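Pasting the structures in now, so scroll down.
One chain, chain A, links the two complexes that follow: it is found with chain B in the first and with chain C in the second.
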Partner chain A sequence: MQLTAEQITIFLVALTIMLLAAKFFSEIFVKLNQPAVIGEILAGIILGPTVLGMISPDIFEWLFSQNEVALSIDSLITLSVIFLLLVSGLEVDLSVIFKNGKSVTSISSLGIVFPFIIGFGVSYFFPSLMGKEQTGDHFAFSLFMGTALSISALPVIAKTLIDLNLLKTKLGLIIISSAMINDFLGWLLFSLILGLIGAGLHGINFIYTFIFTLLFVIFMLFIGRRIINILLQKVNNKLSFPGSSLSFILILGLVGASFTELIGIHAVFGAFIVGVAFGDSVHLKDETKEVLHQFITNIFAPLFFVSIGLKVNFISNFDFVLVLIVLVLAFIGKVVGCSLGAYLSGFKKNDSYAIGFGMNSRGAMEIILALLGLQFGLIKESVFIALVIMALVTSLVSAPFMNYFIKAKNKLNFINLLNKNRILFSEKNNKTGVLGELVELASKELLISKEEILKVINERENSFPTGIANHLAIPHAKINIEQPFIAVAINKNGIDFGAEDGLPAKAIILLLTPENNNELQLQLLSEIAHSFSSISNSLEIVNSNSQEEIINKIKLLSNAKASLTSASSRQL
Partner chain B sequence: MQLTAEQITIFLVALTIMLLAAKFFSEIFVKLNQPAVIGEILAGIILGPTVLGMISPDIFEWLFSQNEVALSIDSLITLSVIFLLLVSGLEVDLSVIFKNGKSVTSISSLGIVFPFIIGFGVSYFFPSLMGKEQTGDHFAFSLFMGTALSISALPVIAKTLIDLNLLKTKLGLIIISSAMINDFLGWLLFSLILGLIGAGLHGINFIYTFIFTLLFVIFMLFIGRRIINILLQKVNNKLSFPGSSLSFILILGLVGASFTELIGIHAVFGAFIVGVAFGDSVHLKDETKEVLHQFITNIFAPLFFVSIGLKVNFISNFDFVLVLIVLVLAFIGKVVGCSLGAYLSGFKKNDSYAIGFGMNSRGAMEIILALLGLQFGLIKESVFIALVIMALVTSLVSAPFMNYFIKAKNKLNFINLLNKNRILFSEKNNKTGVLGELVELASKELLISKEEILKVINERENSFPTGIANHLAIPHAKINIEQPFIAVAINKNGIDFGAEDGLPAKAIILLLTPENNNELQLQLLSEIAHSFSSISNSLEIVNSNSQEEIINKIKLLSNAKASLTSASSRQL
Partner chain C sequence: MFKKLGLALTFSPTGKALIYEVKRLAELFGAEIVFIHNGERTKETEAKLNTLISSIELNNIPFTIEWTKGDVADTIIQKSQENNVDLLISGALERENLFKQFFGSVARKIMQEARCSTLILTTPSNTPKGFKKFITSGEFSTQGESTILKTFEFAVRENAEEFILIKDIYAPALSLTIQEGSSSDDLETQRKRWIDEEEEKMKVFVKELGIKGLNIKFKCLYGKEGWASSNYARLHKADIFAVSAPTKKIRLIDKFFPHEFGYAFEKLPSNLLIIR
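Moving on, here comes the complex of A and B:
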């Protein structure tokens, strides 16, 4: 069985349109500082029965409804979700979890149990309120809704913490670790529900499914993880790099997916667990991770998120009351549960609320779960849509609420003081030239004369050169201003600022601070130096091509491991 | 239409087995210093009707012959070939071709015309000799066989030149440029043959196909190329990087593929031309290329090459006489044609032969062409197998023959003198310590006492420090030996060797040369310094984890742009 030339054409045209629409809308949302996935889902709604199917049913049918083509697209999407869960698993760092044991246990257990009980309870006792149809397994439906409310989305939580500059803080680590456990238990629960309703292969008893799942998880996390660590080192050293490590991860991911599908739970769970086992290996190199992340999150993930809109008519199945109920229950369950867990483990009130709202993001994980629930007949279209909307809303409001409780954005630090209008690309070839450019910028914005600024800067410069190391120089001075001022000049040729390592300065960062605040100056100097603490970080920043790119790179490099962040920066 | 849980399991298991077998055999062949693709094809033959289908027809049927699963795999393979041709197109650098106009025109035109006439002539006048069946279009068959003999494989040729350390030489550039044109015209010809036999969509007249193809090529190479260059810069700067540039390339690749499929020629041609248009852009960044190359050549390409063996029984359809005839004609046509072209454009006799054998590699391109020929009924199984074998044999013998004619391997240069037994990872923290280790190695191999070597080395070291720059130091001396000796110590902490840039030496390369040969010493010193000419190159070498990795990185970095080589290093 093979596609005909005409079917190949349709298959290619459909994929092209899906990717193009996904990219178009996701970039708009990224520009608006919103998660890319919202744009991708919107693209799907426009291409699907909701819009295109209404305007031109013929084109919609031609593109997405012909048997062989639809099957080909669907198989590709299946593969996409499996790969997406595999890279999500890579983000889970078990060692971080173990380190913060007590708080994490408290937050994640209450953060699961509480919303689960609410979701399960309301669904069980008031099924019609939750959009339950008359037919179908009542118990399984209630279990599913409980799980759906208790899941968290690791990637979007990581992204929010990076945006708020919190990832490296204790609060950030606690939230990330709790989210990992939540994610993990949520998927385990869901997989077992699928086993229970017999959605997998026929003829497999639920008891066996349950035992096999448990054995698989225990094996992968305790023994498989160690074996993978050893094998990965061998693969990296003995075989072609990075090609072989890429294949190794994808092959084992597929093995895990096949195995879980075989024992009656969903393939994505196996891929996820294999990802977790790999994510923990010290031999997983950034280069390998980067290729996987970039290709999967930029090609496979958009295809998947677009496909969501293709399945359902979002207007005719929209049920306002249901959406509202799901939203309210989701907020109450998660925020109360996690805040309580945090409070009981010793956090202050405001920090506890911040943790609660941080954990409230449901993101892509919820959407994948909802789609599988729909496919296996656990929920109907209107519930599916309510869950998708809930996933998006909880993710969108997470950052503003956290910010309200910890007021992170008001903190005076290097990153918050960066501003793209205060970054310039300099062509000058000497110190005087580039300092002139920076001072002119400062003069305009601070309404202080150029001469005055130059004077204090040069005084400092003459007493001791401000070249630091790794192509960085920080000409700085205290001056009569209220707020600190930072301007950046990037000079790709490099200018000698007398750094001890002999390297010419390619990033020249002008730092002006209020006169009476010695501590603030020291803090900012050290933060700036920290961002350029290795030559590779430094070169990455200096080789940027736009103001936005520079700010993003500095944010990423000073927040966390480059791999985690670059992967999360576009995901929900 | 959707896969059932059982079909998903089979789909995943089949993909797992295909990838696993491909990787297993390809790594064996890579270890034997042979192209990976041979292992991948062998894996397919073992999984296909030739071996598995004979031993256990049930398992073979279960895995690869169920309608929906087979269709899903086949669609994925179609996508794989399209992506593979897209990245092959990226390697084509039009500006290089224009620079070497005269020789390239002469070599590539004779290198196409000569084998084409031989292939077409023999097929037309002695069709049964070439395995033509009684039925089928006689003229189209002859055209196809002419094309099949005249095609060249850019990736494998680039790989051979890198192995022989010739890529940067004039000879190398001429061969690469000619191969690009050959590749290009071969695919154009083949696409037109498909148009001629009406293999594309129904109802499209060949004249229209021809005109549209011509317009498409002219548009893409003259106007589209410039538009792409401008758009790519905007995409890089304004949108998320590298995600958006990745999507941009793949989307346009799919557009090109859809378009050519629509006008009645094959999708791969459109993807290839779009690749060529992108490959020429100065805004195509290495990072983007790297992600595309790594994912596509390590995941999609193996899937495709394995699938070849799944289609045909390689034993029952093997026709020894036919294989021999195709082989002989292929060698005569290409080697004579290209050598003559080179000779006429002014090359010496031996160099002309070297060019002829260099261009003789057919590699992956031939295999893709042969498979399409089989699918469209232009050739039968036995001819397909003969072409696959011809592709492999011509690629395998290319390097030894070139080597024979130019004796490149005998040249005394840095890369040829590298030997993995002469590379050590040093933990010492001072100059004396690491020099001691290197000298001990030299002493054992050269049978000269440690003291004698240390004496001449220290003399040189004391007169002027041998730290160069970028973490490189080259302690060196002339001594009573016949052949130069090079040993490398990698010290990740770095040791001060008095380099002017102040950076500590992390690569310490001991160079001993014969006493009477001043020129050789200077040549080797400059070659070594050249390999470490930038800090990023240097760090890449120093951060390797094995002896093999160090040698490979030095080879790659001193041969060509990292992107071209890393992509080609595993391809045929």
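Moving on, here comes the complex of A and C:
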């Protein structure tokens, strides 16, 4: 069979319109600080049966529903989903998962088991509540709904963590690692469900599918991964970069996809596992990953998300009660499961909630899963729409909720710790005098004796002088407190604190930090030093006449510096 | 610093070179040496070992010889503990086959399980020249402090030409945020910002330690933790790459999925100093 010139033209026009509409609406949503995917789905709804199909059914029919053209578009969409899963797999870093072992196991296992039980249980015992028709496989439907509620979206979580400046923190690593396991197990489970209902290649017994799947996973993770690591290094070094490594990843992704399709589970799983095997390689460069992401995010992902709107009428199939039920179950399952897992592994209450809400975002992964469920007849349109809406809502609210629960943590920087009641103008003419004033202030607020604070401060002072440079001294110590404490003394005459540049200290900043937090002390020391990084900065601060003026000047100088060093980082 | 050096000694071709190396180090630290040999103690083997040791002029360095039997690595570790060795030295191949990586070579087991600091020499020489380029991982922890302080003192004694403090930073799934609207420039800016922040902290960290005597360079790398610095040490031909000993026991699964300095243990980037 060959497409006629007219069909090829229609196919190309359809793709052009899909990409154009996707780009147009996604850019609007990005400008509004909302996820691009919402715009892309909206583009599909407008081009699909919901709007265009209602206004002008002939045009809709002509563009998207002619047999051969629809088949061609479908093939491209299948390829898009395979590539999306391949790049998702690339970011699953097994070494990070194993490094963060205990907490991650607890969060991810409860984060899967709890929503799965809820989704499965409600679907199994109250199928009509969950939009199940009388026909079809009741058990497979329940398994699918359990899986659909337990999946997490790595890209949304990573972006949320970056926006909240948490990606590189311990909390961020734990959330990301847990989401990685969630993703991995979710897709494994889903593939097995497809195998179970015989949605893959017909005629293969499920037991064989199960055994082949396990063997494939074990082979790829233990042997394939090592072979890929060796080969990728050779490809990087000996062939053109990054072109050859991109081709290598895509080729193996397609091989993996073909293999899993052959053994009776969906192609996406093969692509995902090959992605995981590549993602673990130390030779997979960021440039390669970024080119792949750009290529797939800007070409294949929009096509996929637009295609969602083309398949379903979002108005006639919208069931408000069902959407509400799915949303409530999704929130309860994931937030309670993950928060409980985090709490049981030793996180404090607020951090546990932050982890729960962080893991709650479902994003594109949920939409892909829902579409596959629809394609294989596991769910009907109304459930599909409910899952798409749930994916979008959970992704949208993830960041604000996380932000709310970790607010206290974000305050731990130099600017936020400044307090006008902890700033004094000193007239003393020696180190002992000014330290005495600052320690008295600390003693009153921290309810720790002056002697105890002075002891640790002097110990530190005696081992190495704390005069920094540019009229700044930071006497500091670690002490038994929960939160860091900063007090500032301005001494316009200056006091010798042994600074390397020989200048007397005019800004003396007492810094006390919790005993067990080396990194926090370093962070605050470096932030303070940063604010006083030139003599002109220091003098501008020191010559202030009031506590408020000092705080404002420090803020101003710090912000100016930050905006200079990261001029183009506005989105992150 | 190191007052008692242990040497896991075999009759291998590098045995003699290792004695030359340990002799130089003993002189450098003013330390005594404990030679630990695993094998059947017969008149012949004893004579052979004595000949090997006495073929090198140890001057007045005090030394003892310990014989062990049983699992080579376990008994060497045990003897070094009994003798209060504070630096255990061993030779090792830079690369090993997969079976040895997972199921244990002697050097690998010593690296992971010894209770004292260990120095694994990849290319011991009969005419050791001293270590001139030190690269040290700089973790902001108490253990990290100890690693830097000890390695720095070692470097000062060696009158090293370069002392580089290195730190890896890595944010998994960062590239994936492109799907959520980040651009490649955004990611590059973010990585650069993290690197700048970490280098600032490293400078403060070293200042806090109050170490002086050598010009310290700071290097923060973005890449998989452990791998990036280990690879840097390899590419920049470090004489010594120093790391803190793992705080947790290395499980079989960690050998299959290495992380942090598991990469350095898997493929030695240079002579490897593990500080405990």
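Here is the rule we go by: the second predicted complex is superposed on the first by the 407 of 572 C-alpha atoms of A that agree within 3 Å, B and C clash if a C-alpha of one lies under 4 Å from a C-alpha of the other, contacts with A are read in each partner's own complex, and residues count from 1 in each chain.
Throughout what follows, a contact is a pair of C-beta atoms (placed from the backbone, for glycine too) under 8 Å apart; a residue touches a chain by one contact, two chains touch by 3 or more.
This structure is a prediction, so every number in the text was calculated from the model and none was measured.
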So, A:Val30: does it touch chain B (first), chain C (second), both, or neither?
both
First (chain B), second (chain C), both or neither: which does A:Glu519 touch?
second
Answer with first, second, both or neither: which of chain B and chain C does A:Ser88 touch in the superposed model?
second
Between chain B (first) and chain C (second), which, if any, makes contact with A:Phe464: first, second, both or neither?
second
Partner with the higher number of touched chain A residues, chain C or chain B:
B
Which partner does A:Leu503 contact after superposing on A: first (chain B), second (chain C), both, neither?
first
State whether A:Glu290 touches chain B only (first), chain C only (second), both chains, or neither.
both
Does the superposition put A:Phe320 against chain B (first), chain C (second), both, or neither?
neither
Taking the stated contact definition, name every residue in chain A that is touched by chain B in one complex and by chain C in the other, in rising order.
30, 36, 290, 294, 297, 569
Contact residues on chain B for chain A in the complex?
1-3, 5-6, 8-9, 11-13, 15-16, 19-20, 23, 27, 30, 36, 67-68, 70-72, 74-76, 78-79, 82, 199-202, 236-244, 246-248, 250-251, 254-255, 257-258, 261-262, 267, 290-292, 294-295, 297-299, 302, 375, 500-503, 535-536, 539, 545-546, 549, 569-570
In the complex, the residues of chain C that touch chain A are 98, 140-142, 169-187, 189-190, 192-194, 196-197, 200-201, 203-205, 207-208, 210, 222-225, 227, 231, 253-254, 256-260, 262-263
Name, in rising order, each residue of chain A that touches chain C in their complex.
30, 35-36, 87-88, 90-91, 93-99, 154-159, 162, 167-168, 172-173, 176-177, 179-180, 222, 226, 280, 282, 286, 289-290, 293-294, 297, 301, 364, 463-464, 518-519, 522-523, 525-526, 529-530, 565-566, 568-569, 571-572
